[in-house]
Every structure is written in structure tokens, then in C-alpha cells.
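Note that the chains are named A, B, C and D in the order they appear, and that numbering of residues resets to 1 at the start of each chain.
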Amino acid sequence: MKVDRRSFLGLGLGAVAGVVVSPVGLKLTDDSSIWTQNWPWTPVPVDGEVSYDSSVCNLCPGNCGISVRKIADRPVKIEGLAGYPINDGGACLHGIAGLQYLYDPARVKTPLIKKGDKFEKISWEDAITLVAGKLANIRKGGAPQKLACITDKTQGSVPKLFDRFLTAFGSPNLYTMPSLESCLELTAQTLHGNGNTLGFDLENSDFILSFGAGLIEGWGSPVSCFKANASRKKRGAKLYQIEPRLSNTAACADKWIPIKPGTEADLALGICAVMIKNNQFNSSTFKDGFNRFAIMVRNKYAPAKVAGICGIKVADIEKIAGQFVMAKRPLAIPGRGRGRNGQSLKEFAAVHTLNCLVGNLNQRGGAFVMAKNDYLSFPEAILDGVAEVGAGQEKLAGSVDEFVTKLNAAGKPIVDALFVYNANPCYSLNEPKRVKQAFKKVPFVVSFSSFLDETAMEADVILPMNTFLERTEDVPSQAGLTKNVVGLIRPVLKPVFDTKDPGDALIFLARALGGSIAQNFDWETYADCLGDVTAGIWDSLSENGHVLVPPKPFKEFFEGPPDVDFTFLATNPSTVQAQGDFGLTLIPIDNMRLLGAMPADSPFAIKTVSDKVLIGKDIVVEINPQTARGLKDGGDALLTTPVGAARVKVNFNEGIMPGVLGMVRGLGHTFDNKFVSNKGVNVNDLIGPQIESGSGLDAAFGIKAKISKV
Amino acid sequence: MIQDKKEHKFGMVIDLDKCTGCGSCMVSCMSENNIPFKEDESRKKDSITWMRVYKLTNGKSFPDIQIAYLPRPCQHCSGKGGHGHSPCVSVCPATATDYGYDTGIVSQIYTRCFGCRYCMGACPYHARYFNWWDPEWPAGQEKYLSPNVSPRMRGVVEKCSLCYHRYQAARDKAYYEGRDDIEESEYQTACTTACPAGAIVFGDLNDPSHMVHQIVKPDPHPDPMNKYVVDKSRNPKVFRLLERLGTNTKIYYLSEREWVRKAGDNYLDGEWDKVKNHHGSSSK
Amino acid sequence: MSKIENKAENGSGEGVEKGTADDPKDDKGLGLGVIFFMVAFLVCFLSGWLLFPKLLYSKKEQPFNFDHKLHVAEVGDCETCHFLREDGTFSGLPSMESCLECHTDEPMGETKDEAIFAREYVAKEKEVPWLVYSKQPDCVFFSHAAHINGAGMDCITCHGPIGESTTSRPYEENRITGYSRDIWGKNIWGIKKHSWDRMKMDDCAVCHKKETGQQGYCFQCHK
Amino acid sequence: MDSALIPEGADRCSFPKFAIGICIVGAVALWGVYAMFLCWFKGLNQTNMNDYYGFALWIWADLAVIAVGGGAFFTGLLKYIFNVDELKNIINFAVIIGFICYSSALLILAIDIGQPLRGWFIFWHANVHSMLTEVAFCLSCYFAVLTIEFIPNLLENRQANKVPFFRHLAHNMHGVMAIFAATGAFLSFFHQGSLGGVAGVMYGRPFAVREGLLIWPWTFFLFTWSAAAFGPCFTLLVTWITEVVTGKKLVKDNVVHLLAKISGWMITTYIIAKIIDTIYWAYVTAPSLGFKMSHFYTNNSFYGYWILITEIVVCGVIPGILLLNKSTRENSTTRWIAIVLGVIGVCLNRWVMVLQIMAVPVMSFDTWALYVPSWQEVATTVLPVAYGIIFIAITYRYLPVFPQERELNHTKLEQ
């Protein structure tokens, strides 16, 4: 008997046969496919009991009420809070994507200190001790005004705490980032006197004359504007949109009036001229300077002249004026795009003057002149000797832009330490590179930030803040609304990382400094502080999550509308012109799908951005085919302005005025988040600041530019 | 069982004059349905967006140009003659997608799908998306995923489900409370509830008490001009995408603007003027 | 030997007869081949039936024994611990919270299992990491409300008489798929004697067909 | 060294020479295999397909190889059912080519699906309404049939044939081959058709959709017919290439002429049907859905009327005429022109029916979508070609594929 090939053949066949008649084959086939259905690297979300928390979103000044769906105590979805006075159930994409900020790759997870050009982890205790030490030295030097601070806004207890900290420290140098709110306050102050701000009753107006205000591009409180706009059809309310580009607002308006960039003020004054000429105005409350103003506009803003400046027909100006006057509840609103960057006081005042002339002030559907909300009552600040010294000092500048210019101009440091809270000037101010230079000139920069963004990168110490989902804070809404809602942000989960509420960080710091400063911050936690300072409304605030402070017009309605002071405009302040002498004008575009400022966008928001705005890493610039000589639609081009140049892609758009280039605002971030950063360019890099005399605002509405094929 | 008691036909009507193209619906959908994201989402042909907002223009030049936005979820076709043979359902070789005759919703079962992508070829709306990559979330971010929608694995097709899990949740509640059926307000999709302009109306096209039915007024009789077309709207301002193909979508669109309504389908030269005033059969 | 010879003769079959006659050597080779065949066949056949299932599933012990019988006797029913929430979702396994409605970190009885429970979990405020025999994969949507309230079914039909168990049997997990063995069933062929022996999709479909007249649409049970 | 395996009387090149050749082609095959594994382990992101191009190069390759592989079933049909006896001299080779084509098709499908381990769902959870299900079933069944048809030839190998069992098996199988041929023809008719149906039933895609008979759109019949028409062309083409490479005459002219003639008739009748179908589609079907014919051939940088003309006239009408006409058919140059054109034509048709469908915008506000395959796609598509060459080389070397080879080459010696 010899073992030969065939024996092995038998062996093989036997084995195969044996396996075939066993369940192995069938089971393995099934299990291998089931394995692909449950790949261990595909996450399986944990199930559990469903619960809802309500809070407020403060990703933008809109401050909408939100409802957070939680499963097994994990937040899984953010939605608009039904019944909330501002947004009543609606929500914008940024708020809905809010959860992504919790786990943002660029979040600051612990306090950081800069060693060389790298950041190193450090404990809260050490960080605070270090900062306190630096600050103590400044005070020893006897020049406490050399501590400066930049925050995002002025309203609410947290900005007020920073204010209080500086006061107690002895420095007047508190600056806020440009915002629609500050522009409106400034306008109200200029035309109606101190302590006021403006609100616009969009829901009830029947003729809205918008000077580029992006009602559905994030102007004011976005969701409430969306709702007001959506209800127009039902109410038969008209919207005329005046701007160089067919924005979404212009697209849904009843009439789009294309106008040369930066000439909005001229058109507004031109319309004033027509109204005054036809004696179609109500002067009962006009105080100073109306006659001088009337003469000024008659001479300087005759329709014929304005038509030339703005690039529209004389007839149109008169038609618009006519319709504005004839309307039952006309309303003129200022603030190009989001009304945040590059706004001019002249423009705001000119546009609001239309409201004054037509006499809709504090009328239903009109413009409301409201007292700034004052629901906060802080105990009297205690100043020690050093603080007294600083208190006497002049503020270095009128606006954050001017402040930055001064820092750069100065030879040796005029500021020894700088706080930045919830602001990203190194990205969102015009020509950020100059802002970064300025920061380099400050020996010690402390950033109170949730994210390692462009500004935080420039800091020497970063104190990590809770996001709006992890913190407690009161957020008064204004943002051009006629109602004054104070909302309460409440934590929906424990801080994900080693972060603190800004208030707690300040209290911690004050305590470390001791002395009178500590006395000014004599609270155990920020929560206690909030309870104290909002004492008047705390109970209903903490119970309902918001308090509706009834609008407080300048005077009560029956006393008639507020006085109007024309002296500012009567002098016909000069209109800011676009810098440079290239043939085209580059204007930034505010796009609802991009936040444009602080914080940077969420991955979801970026995902919604059209490929007509961003392709791969290239930003797309809009140009009218008429002016696109030598360019190819979708092709590459080099965009040059007096302050910079950038590689871009071109998009032929019939919806933009010939001679104008449109570039979206909010791209081109440079920090470490591959889903959001290094996409396109930051339009602010290409635009230089233009400080408006009188207001100190950076009023650069755009800049001259040229574009060429590459 | 509940769905046996009453046959639903869930659908939507989207007011394109109210839609501002803000993108809330897209993001609400993404966060509701565990949609992944990757570094470059600007290549729209491989970017998963169950709800996609298209930009339409009237093709005129400055300054007469107009634009409109058109949100496009899965159209949940009921197929030629409304028999449930949707373009995608009829071609799927493994029954990974089916037509729910109780809801009118076209399903997609990720664990059944083996990724042949025939359904994607068959869908003229590009409403179906393939998972070319393994879904990946930055560290920690998987914590916000919802257990109500199963995350998809690489190599399968996915699409809008009209938030079916919300229907399930509503039914669970109804069962618990011993009710036979659910209220209109109990089942609303994530895009509907998110729309800040209130442009989306969602509900049961079979139920005259529902807003969507009242706006659309679906015609019970087949379109005399095309026997494959059923449930044509009798509202002159309402239209459907590619209605002439006989896909019989359940997502309707509403617009006052004629050019927008015309953009909804394809017409030979001069054809539009003949058909534009035809809205379902005369029956009222 | 001869027996095998004959087998070989028959085994070699009609068609080849001529061949074998030609060349007797083939015979033995073939004979040996048949032996090899038989051996190999038996080995693979038996290991496929007996060894393979053992290898395929890993056994995991529960954190400690749970005496269902005792607890049912104490509280009287299943619903006290496994109940429907007000939104119609199912609570599943009780959380530590509900255990503490009766228990404290002081054991009530003197079983060592309860001691472990009190010491390791109650005292340390940890949830008990039970392994769920009837756990379905993530792609499955199962509505307890529909089955309990809607169809009026009892627990046993799907979960078996687990309420009568006094100890917790080890949890067996499929090494490839991670499924609990209860899904495919104890029997490697998945043959079931009781309604709860196997819980694959087809088992749901069969019952649905019987009870509702149709298997149901995909989304009824998938998410 | 391998002379023991080479059929008696046939002379083959030296083994080293043979080995070198195999290695060169093998290298290309390896490249394809590498790409294949990339796709399996990293996923289909390795390709340039996207959500507009769910079907792309691979599906085209699939349809193309199956179409040209149609020579097998059609020749088989003629030989065994219609007893066209001359064809016995080429049937082996036709079967081998068919075998290669179908195995390649199955391989490509296995790469093309996103979840290969679930591929069997198409059988287990089959949806009877889907053309793809029909394809899958018929395809795999017919592949089994081809394997059976191939076995006898395999067993005729000198060594295998020494084993009496195999010898008898081979002999008996030849006897019953008619049954398999019939089954094969039947199955083939269906899956070739269903592949056409795949496009034809997509009523959401006006470029693809066709009216039809019962559940089968016209494309169903056109595909079967074109496969039967152009398949033989491919068989002849490969035979010719083999003859050139081996420098031997392997099949007698009369056989070639006969097959060419049959092919000629089929092509002509097919192209007439195709022209009618195109006209009907262009002037009735598409317009009824609101589309002008120009919509499908303009406003994009690649797909123009040229592709339509090339497919139907240059690669359809012309080869038809050339093969019908005796003089051009029997003149080798014109015959080869016709055959090459024919093969290109059928491949082009499959291309149009897969990729152009995906490229054409349907929604009025949608845009054309063009795509360029990634190297992984190209490599995996070249893989079957390399594999085919190797397979033919080996079978030719070790099996008596061409019954007339000896005769033809001996006669050469005598002269």
C-alpha cells in the first residue's frame, strides 16, 4: 500500500465534504456580513431617557432661546425654543450646530502659557497667580491705565464685570468690538442724546426701506428678522433693498435698487432733500439745527447730484421718496450686511433721519428710541489710591480700531497688559496683520477664550472659557429689536474640559490681586454675583429663563416722539471713500451660512457653504461678466488691493453691479481645525481701516481693487 | 397595529417665496440624522446632505436677474401611477430600500445595502448619497450622536427618511397613551421645525385636516394629460419636481413666481404656456 | 481490509470500472484514498458541529448573580423594574437609582451576590455593567410599547421564563459579530423549540406575518 | 521542460520564452491586483466615482466584456442547436473567451460593490423587480454553464486524458453538451437582456428610459441582439490576434468567413433596430418628457453628436455592410477593419448606456457631470485583460484548443 497523490486527493476531498455538511460555511458567511454591519470603528450612540433643557444661544447678538434635547444626559440636538419672545421656535443653522463647539478640535482644554512660540499646559492656580503677579507690578508702577481690555459687547453682567475690573484696577481703557448695537447706540446718542439706543419694528412696518441691511443675512437678531420677513407677504408689507449686490435679502425684496458701494448715506440724504423740498415731513419735535440741515441737503444733495454719485436715476430717487412718505408705516433701516463691520455714523444718522422726517419715531411699525436697558445694579465700585490715579486718565482711543492704530504708532509700549474676552480682533478687524503687530507690542496679553483662535494664538496666557452650553450668563438682547429681552444662559452639561465661566475667572483673579480689587469682587462664585446684580428680576429670570423688559421709549408714547438734534448732519461730515485708485471696488459679503466673526464656524456650517463661494481651498470672488474682461468663469485670478493680494477663483454673477467685486466674509481662518481653517482667504486681510472722523469708527465699506488672470 | 387602522401619505410643501436659503434645514437634518462631515465638503458631488438647497436663477442679466432657493430632501416618489414602484425602490437588487405603503415613505436600510449604487443612478434628484469614506468624528464629537438614527458604515447608500424615527417616537407615545393615531404636530421633520421662515409645511397628504393637504389639494384622479401622474396639485401655485417623469413625488413646492414654477420641470419650446394653467383634472 | 476493498470497488463507480480493471495499482491507492477521505471527512464534520460553535462564542460572566425569581416574588411583576416611560420609550434594565428604591449599601439578605452589589456598586455609586442577553444590534428599532400596549404581548414570548431564573447564566458573545448568542440561538443550526429561542429578523417577520398579515416595511423595525 | 503537457504534434515556443511573456503580462496583472486590494481595504474612495457617478468605468467594463463574451453563447447556439458543424473548429476558443469574459465580469462586480462581504445578499434577499437581480442570477448560472462547457476541453490535456475516468467524462460530456449549450443560450439571452434593462428601466433618466414589451424595455432586446452580433466579431478578433502572435494559422478561412457572415447579418439587423429605437426615442419618448434631443448632446465638453454617429454609423452600419458583402468579407483587410470597428461599436454602445446616462442633467437647474477615472479604476479594468491574455496563452499552450491546428500547419510543412 503506498500513499500517493490520490490518497491526498481523498484527504482533501474528505475535508471539504466534511466542512460542507457542517454549519461552518453558512455561519461564517452570515457572521462575516454581520461583522460588516457592526464594524467596531463605527460609533454606536448610547440610548437612554430623553430630557429637554432650555437655555439661550449667544453665538451671535441675536440671543435666541434654545431647547436642548438630551438622551441619557448627553446633549444630542439643539432646536429653537417655542414661545421665546425673540425667535419663538425658530433657529438658525449656527445655533443648531452649536453642539459641535463643545468638542471643537480648536477648543482650549486647559489654561495655557506661551513658552517661546509654543503653548504649554498650566494649572488654573498657576495661571491666575502669574497674571495677578504681572498686574500687581503694573499697579506698583503707578500707571494702572496701562492695562487695557477688549470685549465683544457692553451689555450684560459679564462685560460689566470686565468694566468693573478695569475701574477697580484704575484703567479707562476698555474697548468693544464693532457691532450693530454700538452703531445704533452711537446714532441714538448723536440724534436723540445720551443713554439711548434704536430699535426697528420690522414686524409691523408696511414699507421697509433697507439701506443694505441683510435682513436675512444675519442683520440684528437673525431669526426674528427671518420671521418678520416671512410674514411680509401675509401683511402686504413692501421691502425695498438698496445695495450693490443681489443679496438674498434683495432677491426676496419687492424691489432691488442697485447702488454704487458706499453711497448709501448720499442716497438717504438725497431722499431727505426730496422730502424737505416737497415739504413732506413732520417737524414737531425737531430741536437744534434742522434749518441748517435743510439748507445743507438742498444745496449738497439735490437729486440730480445724488443720482450721479449713487448711479441711479433721479426719477427713482423721487419715486422712492414718494413711496416712503405715502406708506402708512414706513421704516428706514441702516447697517450694510450684518451691520457690524465697516459701518459709518454718517450713514446710520442719515438713514435714521429719514425716520425722523417721516415721523415714525416710537410709532407702531416705526423706529423706537429706547433707553439702554439698566436691569443690572452693581454695588458702588471701591477705588484705592492707584485706581483714583488711573480714573483721571484720558482713554487712549475712541474705538478699538483707533486703539490698535495708536498701539502701532507708539514707539515704546503705551499698554503693559491687555485682556481680550470673547473677541477675535486678529481676525475680524480690517487688516489683521496690523492688529497682530499691535499685539506684539504689548508685553503681556491674556486671552479669555474658549477656542485657540487667531487672537488667542497671540496671547501669552490663555484662560479657557466655558462655551455657552456649559456656562451661566445673562444676555440682554437689543440687536435692533423693539423689545428688550433679558435671557438666561444655563449650563446644559458639566464643562467638558478644565474651563470656567468668565465671571468666575475674574473673581478668581480679583481675589488673587487682593486689596480693593478683591473687595469689588466679593462673591463666592459668578452665580452668586449674577443673583445679586440682577436682584430686581432674578426670580422671574431664573424661573422663566428670560424676562421681557417692556420697551422704554425716550418719552412715553402719549408725550409724543423724542426730540431730534440735527447738528451733526448739518455740518455735512465727509463721507468715507474707498482706499486706493484701482478700477474696481471690492466689498465684503455677509453670508448667513458663515458667522463672519466670533466664534469661527462649525463644520456643519462650512459644509453648507456653496461651491460658488468656496472650492477646495480657494475662495470664489463674484464679478459681473461686463467687468470680467480677460477672466474665465470658474477660472483662477489674482485679486490685488492697496493692502494685499490673494489667489482667488472667479464666479460670473449677473447679480452684482458692474465694477464691483464681492468676496464673502468669514473664511480664511488660520488656526488648527482642518474642518474650518485654511479655506479661502480672510476678506479683512485685503481691506485697510478707514477711521471716520467724529465717530472714530472704522468705516471702510470696501476698497479699490484690481483683478487679473493667472 | 396603528398603521393598519389608517393609511398615511406623508409629504411636504415648501414655500419657495418664503425660503431664504439660510441653510437651517440642512444643518438641522445633519445634526438630527448623525450625518458625518470631512475636511473638504466643497466637492458637492461627494458631500452628504440629505437636505440640499439648490440656487435657481431666472437666467436674466443685470439688473433683471432674480434668484430663488429650492430645498431638496428625498422626494419620496410613489412611482408611476402611485403604486409604490419608486425609481430607486424598483431597482434595488437586495430590497435594501422599500416603499412603506402605510406612510408613503421610502426607506433605506444601511445594513442591508451592499453598495451597488444602482438606486443612485436611477434617482434623477440626486437625493441619494454614498458613503465613500468611513464616517469619522473628531475626538469626543461622537458624544453628540443620536441613538435614534443608526450611524452608517462605509460603502452603503443613505438618504432622507423624513425623520422616520420621529414618527416612531410619536407612535410609541400614542401606544403608551392608548391612542389610535398621532396628531399632526406630533410628527414633524427636523427641517420643518428648524425653518426660521416657516417655509416648510409637513403632514399627511391623505388627511384633509392637515395643513399640507389644504395647501396642495392633491387630485385623486390621474392627470388626464399623463396617465402615470397622480396626486397632481390643484393649487395653481404648487408644482413638483420632474412631475412629467411620473415619479409622483410627495414633496411639493409653492411659488408665486412663474419662472420658479417653470424651473421645476423640463418643457419643449412653447410647451410651458400651454400647460402652465393646467392643474390636475377638473374634479374638485 | 477486504471490506474497504469492496467499498473502493463500489466507490470507484461504474464509469471508472474499465479504468480500475486496466490498472490494479489504482485500486489500493484508491482504497487508501477512501480511508483518507473517510478520516478527513469525519474529523472536519465533527469539529464543524462540535468544536466550531465553542470557538465561535466567548463566555462572559455577569458582574454577579441576579436572582430574578426572588425579585419577582418581592415586587410582584416585571413592570416595576422594566417599565415604559411616559414618552412610550422602554426603560430597559433598571438604573442604580431604581435599585436604591429598595436597596441601600447595607445588604438586605446574606447572599454573597448582594454583598458584591452593595460593596462594589451601591457604595461606589457605579451602575452595574450588566450584559444584556437579548441585545439587538444598533440598526434595529424595537418598540416595546407597540408589542406590550399595541399587541398585548407578554414578556415571556420573546424573553423566555427569565423571571424564574435564580442565577445569571454566562453571557455568550459571538467573536466575529459581537452579537449575543441568544440572537442566533443556542442551537448552532438555529433550530428553535420555543418562541424565544432565536431572535433574528426572520423570527420577527414570521410573527408579524402571522399577527398583522404582512411582514412589515423595513422602517418599521430599522433605524 | 513542460513538453509532457503540450498536445502531441503541436509545436510551441520554448518554455523560457513562454515564461518571460507570462511574467511581463503578469506584472500588469499584479498592478491590477494591488489596486483591487486598495479598493477592498480602503473603500471606494479610491475611485473617482461620486454621487452623480454611482456607475462608472467598472460597470462599463462589465457590460463590455459580457457583450463581447456573447460570442460564446451565440456560437454555441449555432453549433449545438442549429448544428452549424464547421463551427466545431472554433467553439472551444469561443467558450474559453466567454469563460474569461464572464469570470472577469464577476470579479469586477466583486470590486465594484461597497460591501463585498454582503454581495451574497443579492441572491439571499433578492428583489425580483430589479434587473440587477436578474443579471446576478443569470450571470452566475451561465458562468457555471461555461465552466461545464470548458471542462471537456480541459480534460483533453495530454496528461489529464491519460486518466481513463477523465477521458470518459470528457467523451460523455461532449455528448450532452447540446443541453448545456441550450441552457447557456437561454440564460445568456436573459442576462444580456437584463443588462440592457438596467438602463432601460430607469424612468427617472430620460436618456436611458425606453418603452418596451411587458416588463422588458427595448434596450433589453437590443442588448441581447448586439451581444449576439458583435460577440462573434470579438471571437474572430481574438483568434486573429492569437494567429498573429503564434505565427500559425489556427482556423480555416471557411470557418472564419462563415462566422463573419453570420455576424454581418446580425449586425445589420441589429443596427436597423437600433436606428429605429433611437429615432423613436429622440422624437417620441424624450420629447414627451420635455426633452429636445439636443439636450443630451450639447452644453458639455465631451458628449456630442459625434458619439452617436460613431456608435451607429461608423461602428455599426459600416461593419454590417462590410461583412454582408462577400468580397469585402473575404478580403482579410476589410474584414479585420469591420471586425475591429464592430468591437469598438458595441463597447461604445455600452459606454453610452452607462456613463452618458450619468452625465446628462435631468433637473432643469442641474448641470452636466463629467468624470475621469482614477488609476485604481483603470488598473482594475486592465486586470481582466492581462488575466485573459495569460489564460489564453496557457490554454493554447497546453490544450488542443484548435482542432484544425495540426492539419493546417502540417499541410504547410508538406508544401
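Criterion: a residue touches a chain if its C-beta (ideal position, glycine included) is under 8 Å from a C-beta of that chain, and two chains touch if they have at least 3 such contacts.
As the structure is a computational prediction, the values presented were derived from the model and not from experiment.
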Neighbouring chains common to subunit C and subunit D, by label: A, B
Contact-richer chain pair [A-B vs A-C]: A-B
Most distant chain from subunit A by Cα centroid: D
Chain whose Cα mean lies nearest the overall Cα mean: B
Distance between chain centroids, defined by C-alpha means - subunit A, subunit B (Å): 34
Between subunit A and subunit C, centroid-to-centroid distance (C-alpha), Å: 57
Rounded Å distance between subunit B and subunit D, as computed from the means of their C-alpha atoms: 40
Centre-to-centre distance between subunit D and subunit A (centres being mean Cα positions), rounded to whole Å: 63
Set of subunit B residues in contact with two or more other chains: 43, 95-96, 111-112, 134, 147, 151, 154-155
Multi-partner residues of subunit C (at least 2 other chains): 85, 87, 89, 137-139
Multi-chain contact residues (two or more partners), subunit D: 115, 118, 121
Complex contacts: residues of subunit D adjacent to subunit A: 115, 117-118, 120-121
Interfacial residue positions of subunit B with respect to subunit C in the complex: 1-4, 95-103, 105, 107-112, 147-151, 161, 164-165, 168-169, 171-178
Of all residues in subunit B, those that touch subunit A in their complex: 17-18, 20-24, 26-28, 30-32, 34, 37-44, 47, 49, 53, 55, 57, 60-63, 65-69, 111, 134-135, 137-147, 151-155, 190, 193-199
Of subunit B, residues touching subunit D in the complex: 43, 45-46, 54, 56, 70, 80, 85, 87, 90-96, 112-126, 128-134, 154-157, 241-242, 244-247, 262-269, 271
Subunit C to subunit B touching residues, read off their complex: 84-89, 137-139, 141, 143, 145-146, 149-151, 212, 217-220, 222-223
